[in-house]
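Below, subunit A partners subunit B and then partners subunit C, in two separate complexes.
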Partner chain A sequence: MTRITAPSCQPVDRASASTASEQTRKAKPPKAPSDREGFRQAMSWLHTWAGLILGWLLFAIFLTGTLSFFKNEFNLWMRPEMHGLQPVEAAAPQVAQTAQRALDALVRKVPNVTQWIMHLPDDRDPAVNILWRDTGNGRFETLRMHPQTGEAIDTRQTMGGDFFYRFHFELRTAQKGRWTLQGRWVVGVATMLMFVALISGVITHRRIFKDFFTFRPTKGGQRAWLDAHNVTGVLVLPFYLMITFSGLMIFHTLYMPAGIATAYQGEKGVDSNAYFADLQGEKAESRPRRGLGDKVEPLPAIALPPILAEARTRWDGGRIGSVQARRDAKGRAVVEVTRHEGDRLQYRPPRLLFDATTGQWLDQADATGPAVKTYGVLYGLHMARFADVGLRWALFGFGVLGSLMIATGMVLWSVKRSATSQTQASRKGAAANTDAVTKAPFGERLVAAINIATLAGLPLACGVYIASNRLVPLNVEGRADVELAWFFSAWGLALLWALACAVVRPSRMGWSVPLGAAGLVWALLPVINALTTHTHLGTTLPAGEWVWASMDLAFLATGLLLGGLSWRLRPGRAPRGKAAATKAQRTTPVAALPAASDVSASTSGA
Partner chain B sequence: MSAFLLCFAAWSAIALGMDRHHEDATGREGAARSLQQLRRTGWLLLLLSLWLAAHPAGSVPASLGVTAWAVALSVAAVAVTAAVTWQPRRTPLLAGMALVAGLGAWAWGW
Partner chain C sequence: MKATRVDGRYRLAITSRTVAAIGGGYALAAGFAAALSLLLAQCMPRVEAVLTATMLSWAVYAMAAGWAFYARTAWGAWGGTLLPAMVLGASATAPQWMRAVA
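After this line comes the complex of A and B, so read on.
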């Protein structure tokens, strides 16, 4: 028998693989008293399981949220009909002319409009976007208009970047919202667990501040995964704490409705509208809630230029974000001018109220109380509407790092457990000398499968969604939902593939195929774009239209990155280095393990 | 921009004040005293960059300046980690250049 007794084998493995510096660190007597160690163990348990249970969902939320930083750019790119619109100068009277032209066009189209909200063009969105309705309380219709001519732009039906945005906070599965409240609750629970995982993670990985800049990808195995998890975790920690906490705060009224229910008792039950009006520093009667069948008088003719000019003087030349008109509770037509969201950190921007017929200034609405201001700042930090291009890319990078932190955490769970079960198996002598694949327990295989389906499947699904925007014929019924069907089908296929590769019949193809497919789709996006539209790199690069061109270039870069990852994980590659460590641990001979078992001790405690 | 460069210099100094990275960068162990001085310099530089960010030029509100600084802080930390991982020998040089460029960028109002 070649069986070695476990106690003698374990320390040798550790010593051979750790460096001298690590040994000295281990040799130090533990300073902490034992109850602190117990606390850390408990936090480690909490971190592991809070992270695992909703980790996959968190990855999806984090990644789509990251993409949402470029929501407007996605919206633009996925509507190539909007290409070629000339930007409107924010400072000049052109803005007022643009607004008036769009309003005239709207009134020509819908003479008895009762309410409209007009988003004026800015440097991220060149069109005039109007939401309007001609009923008391019906659904708003959307209209996009040419900023110079006021003509409606006929765009393809798509959710564009709004899908990522909506999926991010309410797990939206259809263009017209369904299960949105339930979705928000699920996301809220996941966010809470993220917060728990962040705080317990700081306690668990206590060395992160000592090892602040330490990343050792060449060490391979679990060490490299742990380094990657710690480094992506700690360097951007302020961002994670901010984004998670503010994410929780945004929907505080959903999670904790009791306060409103107590303080805002109206005649017809709870009047949450009054609460929100107070929150935003408004008078509730300026924005009345109407029943579905209520008759509302159409709006009178409105002259916008004098109103907008006065708004600008009152804000010392600040930018105007949007304008809206409606009838207040007394039936008076009012115009509300909202300042541009990029002008300050705090969300929502201040608003000015004017009489629609006389153009007279009535009121200023803005959050005032310190708690409300704090809420606004948290909200603003989360939405990052203030960010210019450079800051936006940096935040996007943080989002990617956060997704990587979650991803490496999930992989660590698998790597660590398969390392343990391999060691156990080798102790039993089952696979000590053979290269035979040891089958991991069902639970571990299931986690491995869902890891593949989420971490590799979601990038694939996102790529397929964007591709479908170009490939689905324009006249298909319910086109926006067809695009979403592509997204969810791709994700579902990835799940089936992962289950087949990891649960039913373990195979090393699991990671490389969906990642390779994702890389292919993303890298092909510029090509598909060139074949189906005129807004491809061939025209946008020479014209210096960087918003359009950088989308294509970013898609290409994403594709190359995913492709490279898939190449590193391909079957047959020697199971060394960090990439191979993902799946290698389960399927490789025990010889590869010492490097892994050396750190398994330091993950849990150190 | 100046916030990023100054934070980069600051984080580099802190990193070079740590045993492991000091050894990687210079090839020898640093004296405890000089390591401590490096770390102190780093922290002071971080404070300086925060102070500069809180007094932005032009019409930018201080809240946005500090937010941008917080972003630059993390970006610089990522950059320094990359530097000490893949270019440990050049990290001191890069840090010095970042310090000069950062002060220059601040003087130009970037």
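After this line comes the complex of A and C, so read on.
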């Protein structure tokens, strides 16, 4: 059985099989054997294989990353106990009172706190979020507080939107991180392959401008999938290049530390602390490094209002995002005020340093060099903390398109591959043998199965995760991890189903059942929400609480889209017209998808 | 078509090129980042030098990966990535060796 198609292997075999490539040239319309053509073919080959190997992982990374654009909204929706908090305008003067009230409440609860980071409420998150610790360098605890009263809000245990966020860059599988470093490396390798696939994809497309306007869904089969892949790929190409490249740069200290190792080489080895300080525009001595068990003096009493008032004057009334207090390397207690992340594109925002006891201004920390600023803007573009609602939805749309680009690419690989092996099988005279026609090689069936498990299984798993947030009893031990267990169980079930339907006994049910289940779960989310909480559409719509209501509405829309997709892919449905039907039957065996008319529909959620 | 036959030799060559693209490409990108950081640090702040070199190094990595599959032979894939990586790596670590000797 032939494994590699003729044009694909040409660049690789050019040296060893010159007679063969001559034969290929005879069989095909004559092409100028220019070096450019060979390069393009090599890149086409690279694009195909680099894309396949980590495409599934990339789809998961892309989809969860897309959902993470609405991390705060997921965090809110998945904690209905936070409903009803009055929003505090981040620029308003009462922010200082809110901060002081929260700090007083924290000190009452933890008298010898050594460090705290307080995120002030804004238009996306109405609560005061405090991370605190009473050790030198231990784990931070989280505390959510009512902005007006300073009372702790007792929310259900959940990772909320942070799960999508953490899965996106470190494949997080549990609330308390495990294998996070390994996860980040795997994501890094996938990101690099995406980068290579993007660049080789651009080189492969000689008609990149024309592809922009070419989509022929009625042609059916491989052509439609190729068009869909090209349209989704070319349409927002700058976004993909930006998001992959910035993804690599965000973790450059992990992925590519070679430059730091030489330029920051000192007498006592590499001074990475100095690098991090330069990167953040800080002084190295203001970055205390302590051991886990080191004793640190508790913080003194701090008066926040004068500090925050001065910070606002220095920033011309700009919003304050967060405040933190700690002891620096010399043991002096300092307060650091961070500007709101929505106030500019570059990440991180500028920070002002104050003496905690006297309230005197000490320093401003900000990255100002051209390369550091470039890095900060890339970082900011990736995180999209600057974006308001409209832009956030646009970025979300780009993310959905990116997920579709990867998904159509994976399906295209499958469709193209089975078309090739079918043609070759019929050339060998095996067409009469129906078994050879219906049963693709094991490798192709496996790819088809993992396609189903990822492209249909992940939306299902995400829906089940959100549903579990409402369905798992509130007093269950380790509740946050139980929700994750629901997520991974649903995904695992989808994989088992896909293996059964595509590998063991090929059947057209493979796609429609998990997609249908996903559609059902997503569409039922507003209903489940209405049955289990008071933050449902019946109360949020009349009250005009759009953050809450649009979550439910988006879930419903996602469910309808997935359901529609499942309906179109149901068994026994002729793809599109008679001509397309016969063509599809000829080119696509059971494992691949029938029609391509649905690629414009979303495969993702909310 | 002979070219489409998949034998052990072909698979070995593909595996070799893949390792050259990932490993050799990384070595080249890292060597590039190290050497350029050191060079640029002579004329700009260290952090600027490191970031400029690191940002460019990803393009080098992508080009090296492309080269590994475009080179005429698998040996060419290795030579084209590892040789310049060694040269760059040596020039980046040379100052340290000099310091150690002196």
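The rule is short, and it goes like this: the second predicted complex is superposed on the first by the 517 of 606 C-alpha atoms of A that agree within 3 Å, B and C clash if a C-alpha of one lies under 4 Å from a C-alpha of the other, contacts with A are read in each partner's own complex, and residues count from 1 in each chain.
In the analysis below, a contact is a pair of C-beta atoms (placed from the backbone, for glycine too) under 8 Å apart; a residue touches a chain by one contact, two chains touch by 3 or more.
Computed from a prediction, not measured in an experiment: that's the story for all the values here.
*Asks:* Answer with first, second, both or neither: which of subunit B and subunit C does A:482 touch in the superposed model?
*Replies:* After superposing on A, A:482 lies clear of both subunit B and subunit C.
*Asks:* Thinking of the overlay built on chain A, is A:369 touched by subunit B (first), by subunit C (second), by both, or by neither?
*Replies:* So A:369 only meets subunit C here.
*Asks:* Applying the document's definition of touch, where does A:196 land relative to subunit B and subunit C: first, second, both, or neither?
*Replies:* Second partner only.
*Asks:* Applying the document's definition of touching, compare subunit B and subunit C: which contacts more of subunit A?
*Replies:* Ranking subunit B and subunit C by residues of subunit A touched puts C first.
*Asks:* Applying the touch criterion given at the start, work out whether A:258 contacts subunit B, subunit C, both or neither, answering first, second, both or neither.
*Replies:* So A:258 only meets subunit C here.
*Asks:* Applying the touch criterion given at the start, work out whether A:397 contacts subunit B, subunit C, both or neither, answering first, second, both or neither.
*Replies:* first
*Asks:* Of the two partner chains, subunit B (first) and subunit C (second), which one does A:43 touch, if any: first, second, both, or neither?
*Replies:* The second partner, subunit C, only.
*Asks:* Just checking: does A:248 make contact with subunit B only, subunit C only, both, or neither of them? Give me first, second, both or neither.
*Replies:* After superposition on chain A, A:248 lies in contact with subunit C alone.
*Asks:* Of the partners subunit B and subunit C, which touch A:553 in the superposed model: first, second, both, neither?
*Replies:* neither
*Asks:* Which positions of subunit A sit in both the subunit B and the subunit C interface?
*Replies:* Residues 21, which sit in both footprints.
*Asks:* Enumerate the contact residues on subunit A facing subunit C in the complex.
*Replies:* 2-6, 9-17, 19-21, 23-24, 27, 38-39, 42-43, 45-46, 50, 189, 192, 195-196, 199-200, 203, 245, 248-249, 252, 256, 258-265, 275, 278-279, 369-372, 374-375
*Asks:* Under the touch definition given earlier, write down the residues of subunit A that touch subunit B in their complex.
*Replies:* These residues of subunit A touch subunit B: 21, 210, 212-217, 231, 235-236, 238-239, 344-346, 377, 381, 386, 391, 394-395, 397-398, 401.
*Asks:* Provide the residue numbers of subunit C that touch subunit A in the complex, in ascending order.
*Replies:* 1-6, 9-10, 13-14, 17, 22, 29-31, 33-38, 41, 44-55, 57-58, 61-62, 65-66, 69-70, 72-73, 92-93, 96
*Asks:* Touching subunit A in the complex: which residues of subunit B?
*Replies:* For this pair, the touching residues of subunit B are 11, 14-15, 18-21, 61, 63-64, 67-68, 70-75, 77-78, 80-81, 84-85.
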